[in-house]
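When the chains are written out, they are named A, B, C, D, E and F in that same order, and each has its own residue count from 1.
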Amino acid sequence: MQRLDLIISERELERVLPLIDAAQAPGYTVMRHVTGRGPHGMVSESMEFSGFGANAHVIVFCEQPVLEALRLGLKPILEYYGGVGFVSAAEPF
Amino acid sequence: METSLVLQNLLSPPVLFFALGVISVLVRSDLEIPAPLPKLFSLYLLLAIGFRGGVELQHSGLGFQVLSTVLAAMLMSVLVPLYSFLVLRRQLDVFNAAAIAATYGSISAVTFITAESFLDVTRTSHDGFMVAALALMESPAIIVGLLLVKLAGAQQRPEAQGGPSIRWRSLLHEAFLNSSVLLLIGSLLIGLMVAAFSPQGLEKMEPFTGKLFYGALSFFLLDMGIVAAQRLSDLRRAGAFLIGFAVLMPLFNAAVGLGLSLLLGLPQGDALLFMVLCASASYIAVPAAMRMTVPEANPSLYISTALGVTFPFNIIVGIPLYMAMLQLVIPAG
Amino acid sequence: METSLVLQNLLSPPVLFFALGVISVLVRSDLEIPAPLPKLFSLYLLLAIGFRGGVELQHSGLGFQVLSTVLAAMLMSVLVPLYSFLVLRRQLDVFNAAAIAATYGSISAVTFITAESFLDVTRTSHDGFMVAALALMESPAIIVGLLLVKLAGAQQRPEAQGGPSIRWRSLLHEAFLNSSVLLLIGSLLIGLMVAAFSPQGLEKMEPFTGKLFYGALSFFLLDMGIVAAQRLSDLRRAGAFLIGFAVLMPLFNAAVGLGLSLLLGLPQGDALLFMVLCASASYIAVPAAMRMTVPEANPSLYISTALGVTFPFNIIVGIPLYMAMLQLVIPAG
Amino acid sequence: MQRLDLIISERELERVLPLIDAAQAPGYTVMRHVTGRGPHGMVSESMEFSGFGANAHVIVFCEQPVLEALRLGLKPILEYYGGVGFVSAAEPF
Amino acid sequence: METSLVLQNLLSPPVLFFALGVISVLVRSDLEIPAPLPKLFSLYLLLAIGFRGGVELQHSGLGFQVLSTVLAAMLMSVLVPLYSFLVLRRQLDVFNAAAIAATYGSISAVTFITAESFLDVTRTSHDGFMVAALALMESPAIIVGLLLVKLAGAQQRPEAQGGPSIRWRSLLHEAFLNSSVLLLIGSLLIGLMVAAFSPQGLEKMEPFTGKLFYGALSFFLLDMGIVAAQRLSDLRRAGAFLIGFAVLMPLFNAAVGLGLSLLLGLPQGDALLFMVLCASASYIAVPAAMRMTVPEANPSLYISTALGVTFPFNIIVGIPLYMAMLQLVIPAG
Amino acid sequence: MQRLDLIISERELERVLPLIDAAQAPGYTVMRHVTGRGPHGMVSESMEFSGFGANAHVIVFCEQPVLEALRLGLKPILEYYGGVGFVSAAEPF
């Protein structure tokens, strides 16, 4: 089984979550109000009152085929809007 | 005259709390107003300003002056991005120039509210329909910003390049139905209806939308001071050209606004608000829309100029300065 | 008469802001009131309604009518789940039927508060002890809900099946000491004591618990509108039977409430509140308790009916409708 | 060493944390106000003002024997109330 | 006399809501005020108390009594940690003794505010400059706390041991520019300036900083009750010595404060505030500073004594007790 | 590639983040308002209104050499102030 960690802007959540559903992931978990720094610069909580939003951390535990489907759907979004994804191995508890 | 106006503004609670926020960042204090508390105040201020504007609009009615003023405001939100773009292109690429231009075509609700409070404190009357103008200046600026990218940046941005292509529907949606426009216009209509049909309801809203307002604005400006000061370090990267733009363009826009106010025959208070609308730049709705539709632009450029330079400039220097200019040409109401 | 009541309700700020919240979801705006801000308003409203109820209860005292009304209210919170269960079992399994039945036996504090505001705006007097009835209707409904599962669902739910068995202690705890019951009753007792012994304390609380109340309710209803509208999509899955139940059962319960009000000899204002208590359904305390004690039930069913249908129905149509019914049979106070 | 990620309803936290203590885990970390979708449906922040609560994400870094003890204690709760758990390998920093 | 004071205090909304918070923890209810809502109230209270203090200070001016009282307060914030340290060393190591000592040298703003509200409710006048004393007692206590560690704990704490060495700059920074000192002093100066130069601004702040204050304090104390009660379980580990210290030391400090008040010739209201400043212990600024500069100390010891014992003791028993003592020696203003 | 999970007090964030920058990590993600229990005792949200703060969860995805640099910089802070770090393997998405 695989674990996918996505860190994207909160603004893109409403595009990303339907894609996760479409890839038939068994579920996902979202943490909002996340901040950080990445290749596209700093994201701080202080701009959250604006519509600009902070980051969201999305975790998906899924099998390899779903991961491939996710990659297909999400890559263009990460490339266009920024955001990163990392994969590690995991097992059901 | 002018010194007293500057002092009156500088020594008002909202501006002083803004300064306290700036100072706390400069001395590296750990003062912070954690999310989502600033959102609470910003939602509250939009709701209250919209509601109050609606109530006053109901009292004044929709005459010729209302319509012509609102139209002139919308015109400015189209013109300002166009000439700003020409200026900005001298140093910036199409994407950044368009995003910053759109930012300056739109408005800052908090600057507007601070100007209103300034008028209240100096006991200068002003009309509720100016809130309608405020609400209607965000959308055109957003649309013009993206048109500029489409036209001027066509070759730099092959649609087929991989990114999900921006559809017009989602742009118009972002322009007209973003949360601040919706809340502002919704509250304005609610204020209008309540004022017309439910006098008791109106009276019972007063402590919330009226009495509390000034203190909540002051508290929110404490946070704005913190946020604006945190942006100062970005400015070094932005460079002298952008900093100059962020001070001079508002002055120019305010001057154009003054001219239009004279043409429209606006009384002193409304003219100040009109100038402030022209001079202020958006750091909420427009950045959010630009991030979505022009991701090629660097957000730290358009947010930092609007929030780190133009906003403090207008709050501290601009409002009394514009008022002093007005007092030379328009007699007190 | 009825049209004017409907209009008066429709054009009140709380209902209009509720509508704005619904609209913002329908047009897919990004307007949201992020957690935990809604919690702030819901805690505030419970605290203030409790406190104010306590103050009024201290003024009116604990007479026969107070006791009989409170008892009648508790009786309704036992009866409503029983007959609702019979109706719901025609289409649903024991677990879902019991959970939804409990939901309708209990109350919605915000519906009650909106009805109170409606009475204030229409200048109809009402008594503080109705808040005590409000507070005492949550616990019985929760207990009846679980008894129904224990009795009717015994064979479907072998205790040995693996899940941690529900102990009565934890159920009673959840029924009587959940946060909304505790805050409501605690604030009521505090209001009672302060009104009796600390007139200055009372006066100094007024701006917070009194003046601010209506505006805060309006703001909160903006969020309730958003939340209720987000539930609408669940309704498709719930189907026509449940949607019908969610409209007709409140009407029936309100009618029973009207009958009891006549028997109890309640004045117009109190009778409206009594009807609203009977007609409203819980989307806070009961769902939380059901999720813990009847995890077999599907939360989206009982939350969506209570919050997505019955709540808006009561707020928009129910309150003026019940009032119109009342005006036919009880003369104005 | 192992890393356990639990995603459960906030309401069950007060049952789960004592079990983690009882399994003698060296520590745990809790993130609340988490949303998501799983086999039992959607959990959104918008119901958080109700007593219903959002999800909580609990992370436990521990050795294998502790993990076994955790599995014993937590499985019935996850099965009864819903919630998921995933395990991956980790090392102390 | 004393019984009536105790009752008047016990039956005031802030104390009753504090009790409700404690009860909710004791009965294991799920009532909670989620972060960052308590922060909102604590920022608001500091801002409002500072602002109001500044306004009153502007009215009273900076005379000899102001200066001598503020100096005496600062002296107490140096002396209290010194003699507390000697007492605490009988049972505790240097690090814990120093951290707890610093905690008791500093103040609790909420205890001060509750005492002020007590005076308002009992209609006893008091002066704005006491807020200045409040603001200036935090920093010295923090510095003395660390000096004690440096001097008495030198051998136990070899700088080379690996940890990043504490630099004096960062300590002074923490002592003088931590968020609560900065917000308090900043708001005090703003209140002073606004009172002097902007009477309209002052009037418009009143609903926010004045009217709302008492209710917001009550709401915040509900949370303080929850937090304090959650600390109770830590106390068992702290043991009888520390619990005794947490009750007796405030009594002793209050007595010293009473003596100094007589020397300073303070009127009744100011003397009560002075005693409360001496008797209260910090659970905000000092713990934060101690955690950073004396990480060897166990936070649960110094937070639990200050928050779990001394704070409730002062709020419930201390304030009326000190007032009763005062009434014996200082005639009502 | 490696994934580092740090859980520290919010108060130390302003020391830790510059060290992450200094170690030339490609980015980091911060979640605040995190609670938990560790060798130094319990950290609960209820003290958050004080300057005391809750925990922060910092995630860094980076290559091994950066991890070594991070270890050098962060170890003294974790030892002095408390806080824990764990490493697991990860791949870019």
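Note that in this section a contact is a pair of C-beta atoms (placed from the backbone, for glycine too) under 8 Å apart; a residue touches a chain by one contact, two chains touch by 3 or more.
This one's a predicted model, so the numbers in the text were calculated from it and none came from an experiment.
The fewest steps needed to get from chain E to chain F, moving only between touching chains, is 1.
Under half of the residue numbers at the interface between copies chain D and chain F are found on both sides, making the touching surfaces mostly different.
Centre-to-centre, using mean CA coordinates, chain B is 41 Å away from chain E.
Put simply, the C-alpha centre of chain A and that of chain D have 20 angstrom between them.
Note on chain placement: the centre of chain C and the centre of chain F lie 45 Å apart, centres being C-alpha means. Multi-chain contact residues, meaning those touching two or more other chains, occur in chain B at positions 30, 34-36, 39-40, 178-179, 207, 211-212. Residue positions 31-33, 45, 51, 88-89 of chain A each touch two or more of the other chains. Chain A meets chain D in the complex at residues 1, 3, 21, 26-33, 59, 61, 88-93. Across the complex, chain F meets chain D through its residues 4-7, 31, 33-39, 45, 55, 57, 71, 74-75, 78, 84-89. Only residues 9, 11, 15, 33, 41-42, 44-54, 76-77, 79-82 of chain F touch chain E when the two sit together in their complex. Every residue of chain C that touches chain D in the complex is listed here, in rising order: 34-36, 38-39, 41-42, 162-164, 178-180, 223, 226-227, 230, 283-285, 287-289, 291-292, 295, 298-300, 303.
Contacts from chain E toward chain B in the complex involve residues 35-36, 39-40, 43-44, 47, 51, 173, 177-179, 182-183, 186-187, 190, 193-194, 197-198, 200-201, 204-205, 207-209, 211-212.
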